[in-house]
Amino acid sequence: MSLADMRSLYQAVVLDHAAHPRHKGELSDYNAASTVHNPSCGDTIKLFLQIDQDKITAASFTGSGCTISQASASLLTEAVIGKTTAQCLAMAKAFSNLATGQEADQKSIALLGDSAIMTTVMQFPARIKCATISWWALDEAIIKMKGHPND
Amino acid sequence: MSLADMRSLYQAVVLDHAAHPRHKGELSDYNAASTVHNPSCGDTIKLFLQIDQDKITAASFTGSGCTISQASASLLTEAVIGKTTAQCLAMAKAFSNLATGQEADQKSIALLGDSAIMTTVMQFPARIKCATISWWALDEAIIKMKGHPND
Amino acid sequence: MGSVNALAKSDFPLLRRSVNGQRLCYLDSAATTPMPQAIGEKLQTFYAQSYSSVHRSVNSLGLETTNAYEHARSKVAKFINADPAEVIFTSGATASLNLVAESWGRENIHQGDEIVLAVSEHHSNFLPWQQLAQAVGAKLRLIKLNDQEELDLIQAKSLFNEKTKLLALAQVSNVLGSENPVAELISMAHQVGAICVIDGAQAIPHERIDVRQMDCDFYAFSGHKMLGPTGIGVLYGKKALLEQMPPAHFGGGMINYLDHGQATWEAVPEKFEAGTPNTVGAIGLGYAIDYLNKIGFKNIEQHNQELMNYLLPKLAANPGVKIYGQGQKLGVVSFNLAGIHPHDAATLFDQFGVEVRAGHHCALPLMQELGIPASIRASFYIYNDQADCDRLLEAIKQTQEFFNESC
Amino acid sequence: MGSVNALAKSDFPLLRRSVNGQRLCYLDSAATTPMPQAIGEKLQTFYAQSYSSVHRSVNSLGLETTNAYEHARSKVAKFINADPAEVIFTSGATASLNLVAESWGRENIHQGDEIVLAVSEHHSNFLPWQQLAQAVGAKLRLIKLNDQEELDLIQAKSLFNEKTKLLALAQVSNVLGSENPVAELISMAHQVGAICVIDGAQAIPHERIDVRQMDCDFYAFSGHKMLGPTGIGVLYGKKALLEQMPPAHFGGGMINYLDHGQATWEAVPEKFEAGTPNTVGAIGLGYAIDYLNKIGFKNIEQHNQELMNYLLPKLAANPGVKIYGQGQKLGVVSFNLAGIHPHDAATLFDQFGVEVRAGHHCALPLMQELGIPASIRASFYIYNDQADCDRLLEAIKQTQEFFNESC
């Protein structure tokens, strides 16, 4: 076995976020939220957002899941606070593209910051969903609140 | 091709009964009847019986079908007239056994008379149903009227 | 041998066997087609090297199988010009059509509604609608035949009205062998807001299908009639429709979540694929599509047309032969021999190794419309050649002589 | 290698492949089993030499296929001690269970009726009943687990009453791996006049089944979990019940006649087999039965028991391992590693070539009952040996070290 491969998936920062997730728990005030399930394992992520004047002023999540999904959600909350909803949608798209081995534009990648580390999951196709479900939840929460960007 | 095999299936008497079926048409008086379909081809035989004091006093049939089913029904009507219902049930069983390559008791075979000729159909497995459906109709008509022999 | 040579006959070992001492002359492709040797070998290899379970796996082996299964779905989608999410794997055309009736039908067909069907529908596209109509109090309205024994477009027009909720129609009849005026009928149906279910079981082996261009709402077919394995079929549905529909069957792999006893469903197509699918069947269907694409539909159509052009005039020239339907035949021709029941004829043909179908072909309403109990059906495909036509013609001649002499 | 040698490992070429650079250690037989090489070869031969269409044929070739198909049915019947007319071929256990719900269930379950289910049922034997209950206003009553994490017979007793119309129960749980007290529960159900549907998907590969002795009313299973091909399954039903039930699907081959728009049905089992069946799938299932019979269930049971006797004490001795269910295991064991999510564990195992399942195993109600989101499941069959147990134990150890060091 290649433990080295494993170390690239389970990097220290990932393990740290999974063990000590940031912003875990329901926000006391929020105006956007979404729950996403990973039907292949039963994992669930519920994401809460407070959006003021089109900016994310607070973000948190609840739910159980594997190291990858917990770390990804935790990193996501850190990444989105302070971003506009349009930036968030671009980030969600960039993340999902990178995680499935597709290209993404440099500007969006830059926005992802630390959270981009989770896209190494690309090398473990069976785990891609674990990393992406919190980003789907982000996308869904914003669209539910604001309507589709092209509307 | 073995036309000889064909001649054993389509013997002169068979072709004659098919071309000139005996007792074809609905009986004006009957007290037992049954319709049987051959689902594989859509052929239908309806059999009419007049049963007096447990004896078949008249028999006829209607319906369309192939040479084999028409000849078999025609031969059946000839064979059953004058027989008791118990004899008829024994004949139906003997016919069906012979046509499927099984044994039958000599007494019942004797009762079949000319109609036994149709059991050569045994060599043409795809056609066995064609020969036997009128005998199923006989069985069903008698049982419907009199109840099951063991009742 | 004449000018019409079989395409790829040597790929089908089945066709080299004998029947009743004669080399097999297989004329029953409308019932089912043999599978090319190479497909069987590839399936064997798949079982031996990669087979595992699809979906719900986090292991590498399961992922390999899942990818192969989804790759087969993409092939089907491309083959009929659909989106992979619009391709539901079923156990066959019959299951596909029942799925539409059970899911879309039960939700959308109500008392007083009307369903338009062709009188020539196969039971698999007739009974599900008849039973649904009986259950809810809807009405079946039948498109009849004109005097060419083809669908009567003028009469059909009179059947559509604001009560029409559905058109269920075979693209190609499995008895008459002719292509129905699908475009015209779909447009009549859509004009009154009805949904169109097209039974493509007999069309898909013979011509390039484009579901978008056809603009049907559902399209159903079976793998075993297009050189694929048994037990696999497809239901195509427009995505927007599929998304609205409830699942028809329930089990593993089709739920998103189950909470406090409430289930929510997976996205399409998984929503409609409860239970472990026929993984290897789907992969085999993918191989069959590769095979057909390699031969090419231009060649397939031309080959079958040449065979029909050779056979039909000779068949029609026999005064004892009555052919049903006067349209162009896509490799399928039904007929009867005067004074000879089709079952008797088929038994004689069988002695010559000529394997046809005799019966009602699961199209009893059509038989009743034609006023016959049954017919003989000879159906041709890419591996048949002119010699097969000649053998059929010879078997007919001998059969006529046998029964005419005898009677 | 220890004393427990694999039965017939060499018959399965799949098991000689490698995964992530390691020789495959296949521990997912409860999901699906590889197919013996010889069965694939026989199916290939069948396609190449005899394949044609079943039923409705008067030609010799069709008859050969029909006979092979019906012979497979007889093998299944003998295998479970049923009558061939009681054996319906379906596309799998999920389809079998849905068939009972759609046909028997819709006719016989009404508002206020109660259905008793085990909380450990697979979604395929849970959702059909849940959906039916929701549709008609019936009530589900769940048999819960006792403190051994096995079905609680005492609580179960309190669930049966005159409203109970149905018991739906797996013979062997696909998560806990233990045999449920089927005899006791069937007798409770029959005492109140309820019908019993037994899901045998996990039992049939492991033990000799006798449906008459069990006295179940329906019994469902899949071919792909017992060394057979994909896309084929069986529904057994008591003949008297099947005869009363309406068909659930409609199409070719299942009607007796159609007259003035009224259809009458063929006898059982044809009534329930609309459309062209998975002919070759059924024949392949027959071959799988031959194969299992040749090995013999006495050997199979003993082999799997020896494997469990070897593995379980070692697994239980690892303080970081929590095993679910304390009953005897029929080759299936579910567990979790303290502080490690099952998905993470499975990804590590996969690097060692150890292919297990991680997730909810389509048994969400059971997961909720156990209070866990998911588990790891390792499942063993005749081709596994003691070395496979050792590799699992080693993978567990390495995984624990990896995550404990890292955190």
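Residue numbering begins at 1 within each chain, and the chains themselves are lettered A, B, C and D in the order written.
Just so it is clear, contacts are C-beta pairs under 8 Å (C-beta built on N, C-alpha and C of every residue); 3 or more make two chains touch, one makes a residue touch a chain.
Given the structure is predicted, the values throughout are model-derived calculations rather than measurements.
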item	value
Touching both subunit C and subunit D (chains)	A, B
Of A-D and B-D, pair with higher C-beta contact tally	A-D
Whole-Å separation of chain centres (CA-atom averages), subunit B against subunit D	46
Where subunit A and subunit B are represented by their mean Cα positions, the distance between them in whole Å	77
Centre distance in Å when subunit B and subunit C are each reduced to the mean of their C-alpha atoms	37
For subunit C, residues contacting two or more additional chains	20, 56-60, 62, 255, 257, 343, 347, 350, 358-359, 364
Contacts with 2+ other chains: residues of subunit B	40-42, 44, 126-127
In the complex with subunit D, residue positions of subunit A that touch it	1-3, 5-6, 9-10, 12, 15, 19, 40-44, 64-68, 124, 126-127, 130
In the complex, subunit D residues that touch subunit B	55-60, 62-63, 255-257, 264, 266
Contacting residues of subunit D [partner subunit C, same complex]	13-14, 17, 19-20, 24, 26, 28, 31-32, 34-35, 37, 40-41, 43-44, 47-53, 56-62, 91-95, 97-98, 101-102, 122-124, 127-128, 130-131, 140, 222, 224, 229-232, 249-253, 255, 257-258, 261, 263, 274-281, 343, 346-347, 349-350, 355-359, 362, 364-365
Subunit D - residues contacting subunit A, complex	20-22, 341-344, 347-348, 350-353, 358-360, 364, 367, 373-374, 398, 402-403, 406-407
Of all residues in subunit A, those that touch subunit C in their complex	37, 39-42, 44, 125-127
